[in-house]
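Look for chain A in each of the two complexes below; its partner is chain B in the first and chain C in the second.
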Partner chain A sequence: MRLIHRQENGVDVVCLPERLVTANAGDARAELKQIIQAGSGRVVVNLGDTELMDSSGLAVVVAGLQTARKMAGDLHLAEMSDTIWALFELTRLHRVFQIFDDEAAAVRAFG
Partner chain B sequence: MQRTEIDFASDPKDTAWHGLIERRLLPLAHAAGFGDLVQFGLQLALVEAVNNIIEHAYDMTPGQPIAIRGECAADALRYQLRDRGRPMPLPLPSGAPAAPDAAGGRGWQIIRAGFPDVSYSRCDDVNQLTLSRPLPGGS
Partner chain C sequence: MSVPRPPSDHPAGALSGAQAPGARKVLVIDDAPDVRANLRALLRKWGFEAVLASNGADGLERLRQGDIRLVICDWMMDGMSGPEVCRAIRLSGFAHYVYVMLLTGRTEDRDLVFGLDAGADDFVGKPFDVQVLRARLQVGVRILGLQERLAEQNRRLKQSHDALDSAYQQIQHDLAAAARIQRESLPASDARIAPLRAGWLFLPATRISGDSFHVFPISADEIGFYHLDVAGHGIPAALLSTSLSRSLVPHTGIAQHTKGSREYLDPGDLLQTLNAALCSPDGEVSSYATVVYGVLSPHTGDGRYALAGHPQPLLLHSDGSVELLPKGGLPVGMFDTADYAAQRFRLEPGERIITYSDGITDCFDPQGRAFDIDHLCELLRVNRGLCSSALAALLRDALLAWRGDADLEDDVSLLIIERPEP
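Take a look at the complex of A and B:
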C-alpha cells in the first residue's frame, strides 16, 4: 500500500486510506513509521478519507505517535468523521492525541 | 423475526467480508431502530469478532469457513458467529480499556461496547460466539 504523503512547513502530512483494518494495517504501520523516521518527527495524520478503522487501524496511529514522540516530535490527527471520533472516544484515545478539525490547523499547531 | 445469514472463507489479506457485514447484516440493526452511530459500533464489533476468528481461531490460515447469522428478535438484535478453528480461551476477555498508549488490546473493548451480552460455546468442533444487544426502547 502507498500512503499519500507530502511535506508542509517541515511537517509530514499523511492521509490514511478509506479502510484501515487488519488486512492492510501491517503495511500501513511500516510505511507510516518509515515516513516519520525519515522526517522531523512532526506529523499530521489526515483521517478525512477514513470511513472504517478497526483496532489494528488504531494501533497504526498509536505506533506512529510513539515513533514521533521518540524523536521529540508529535503526531496530530485531523479531519476525522463523527464515527471515527466515536471510536477514539470509546477507546479513550481522544485523550492521547491532539485532534484538530482541519489539516491546516493541525499543521499550524506545530508552530 | 427477521433473519439473515452470510458465510465466507477466512482471508487475512482480503476485506470483501466487510462489505457483506455492511450490506447483509447491518440492515437488521437499521430495521431494529438503532441510530447511525450505534450501527457503526455494531459494524466495528462484528469486524473485531471476525478478526479474532481469522487471527486466533484460524491462525491467519486462508480458506477456512466462517458463518454469521443475524436475527432481530422481540427483545434483542443477535448475531451468531461460527467457525471451525481453535477453541477460544476462557474466560472471555472483559473488554476493559487498554492503557492509553498501548499499541493493542482494544478489540474486545469494541466488541463489548457494541454488544453488552456475549456468550461462547463449542460443540462438535464448532465455535459459536453470540453477540446480543437489547433493542432500543426495550425494557
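Take a look at the complex of A and C:
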C-alpha cells in the first residue's frame, strides 16, 4: 500500500484508503508510522476517502496518534464520515482526538 | 523383411542423455534374426543395452519386468503385428511410459494413422537409415526424460499437496477444538444465577470469535456479568478473548491473586486492572478490546457496571421502552491513562439488562443497510413477552434473516439478564 502523503507548513497530511480493515491495517499502520517519524510529529489524517473502518483500522489511527504524541506532536483527524464518527463516538475515542470537518482547518490548528 | 544397411562408423557412446531409468535399455522385437543382430550391434555401439525378442508375445512378457522404456518393434511379424503389440502395451498400464517405434516399409498416410492410433510413438522406415534411426532414438530418449521429469514434478507436487492437506486438516481440527473451548467459557445455563434468568446468542464470524460474554455468581448476594469484543477476528482475537474471559471470572483470574475476590465487586477497578495489563509498555496499541463488566444483586436489582468503548447496555422496561445506560470510557489496551468509573443501574422485577457486540448493530443486509439499534430495540419491545432464551433465539433468527445468504462479517453476540417478577 502507498498512502497518499504530502507536507503543508511542516504538517504531514496523510489520506487513508477507502477500506481500512484487518486485511490492510498492518501495512497502513507501518507506513503511517514511518511517515510520522520521518516528519515533525504534526500530522493530519484525512479520512475523506475512507468509507469502511473496522476495529483493526481504528488501531491504525490510535497508533499514529501515539507515535505523534511521543514526538511531542499530535494527530488531527479530518473529514470523517458519519459512520466513522459513530465508531469514534461508540469507543469514546472522539474525546482523545482533535477532529475537524475539513483538512485545512486541521492543518491550521497546528498554528 | 528387408535387411538394413550396414552400420556406419559413427563413434560409440555418442548417445547420451538417457536420464530416465530404463532408457538405456532398448527392446527389439523382430522375427528376422539378421535384423535383430544388426540392431543389437548398432544399439551397443550407441551405448544402449539391447534386449531381443523374436515375437510380440515374448516382447510383452519381457516388458512386464518393468525395466525397459524404449521399444523398437517390427510391423509385419508372425503372431502379433507391430500395431497389436503397441495396443497391448497401451492397455497394460505399466507404471512408466513405454516409447514405441515401429519399423515399417509402409509410408501411406493411412498406415501411419493406423499405427499412431494403435499407440506407436514414431516410425522408422525400412530399410532404415542408420543416422535416422539414431536421431529418432535420441528423440525417444528425450521424450522419456521429459516424461520422467514431469512425473517427478508430479510426485513432488503430490507430496507437498499431501503435506498441505494434512496441515490443513490439523488446523481445522485445532480450530474445532478452540471453538469448543470457547463455547465452554460461555454460560451453560442460567441455573447458577437464580432467581435471575438469562438468554443469549453467539454467532462467530469465523469458527472462533473475538466476542465473549458470561454471567456467573460472585457471592451469595451478587452475580457478575461481562461482554467483551476483541479487535480483529479469528485466532489472535479468540486467544485474547479467551484469556480476558478468564481474568474476568472469579477463581480463574489473575486479579484474584493481586487484589482478592473483592476486585470483582468493583467494575471500575477491574477494568482499570485489565487496561493496565493490556496496554503495551512501549505506549503503542497492540491488542485492545471493548468491554462491559457489571455486578447485580438478584434480590434488590441494584447493579453497577463499567464500560470500555463497548456499546451501551440496554434496559428493557416492562412497558417495552428501552433505555440506553450511560456511556463509559475508552477501550482497554489503548491508553494506560484511561479512566473507568462504575455507574449504577437498577433492575426492577420484570426488567432486563441487555449487553451485545456491535456485530449486531453493524450487521448489513444485502442492500447494505445496517440492522441498527432502533431495529434491535423495536424487536426487544415487541417480543418482550417471550422468556429471555426465546427472545435471544428470535433475535438470532431475525439477524440471520437480515444478513441473507452472506457470511457474517463480524462476530455477533448478545446477552440478556432478566429479573423475573416475583
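As a convention for this text, the second predicted complex is superposed on the first by the 111 of 111 C-alpha atoms of A that agree within 3 Å, B and C clash if a C-alpha of one lies under 4 Å from a C-alpha of the other, contacts with A are read in each partner's own complex, and residues count from 1 in each chain.
Keep this in mind: a contact is a pair of C-beta atoms (placed from the backbone, for glycine too) under 8 Å apart; a residue touches a chain by one contact, two chains touch by 3 or more.
Treat the numbers as computed from the prediction; the structure is a model and nothing was measured.
Three-chain overlay on chain A, with chain B and chain C in a clash.
Judged by the touch definition given at the top, the superposed model places A:D82 against chain B, while chain C stays out of reach. Look at A:K70: by the touch rule set out above, it reaches chain C but stays clear of chain B. Look at A:T22: by the touch rule set out above, it reaches both chain B and chain C.
Counting the residues of chain A that each partner touches, chain B and chain C differ, and the larger count belongs to B. In the superposed model, A:N9 lies in contact with neither chain B nor chain C. In the overlay built on the shared chain, the residue A:V62 is in contact with chain B and with chain C. By the document's definition of touching, both partners, chain B and chain C, reach A:L90. Stretch 365-373 is the one of chain C that runs into chain B, the other listed stretches 41-49, 149-157, 257-265 or 365-373 having no clashing C-alpha atoms. Residues 22, 54-56, 58-59, 62-63, 66, 90-93, 96 of chain A lie at the contact with chain B in one complex and at the contact with chain C in the other. The residues of chain B lying in touch with chain A in their complex are 12-15, 18, 36-37, 40-41, 43-44, 47-48, 51, 54-55, 97-98, 100-107, 109-110, 113. Residue ranges on chain A touching chain B, taken from their complex, read 19, 21-24, 52, 54-56, 58-59, 62-63, 65-66, 82-83, 86-87, 90-93, 95-96. Partner chain C is touched in their complex by these residues of chain A: 22, 54-56, 58-59, 62-63, 66-67, 70, 90-93, 96. Residues of chain C that touch chain A in their complex: 229, 231-233, 283-285, 288, 290, 309, 311, 327-331, 334-335, 358, 410.
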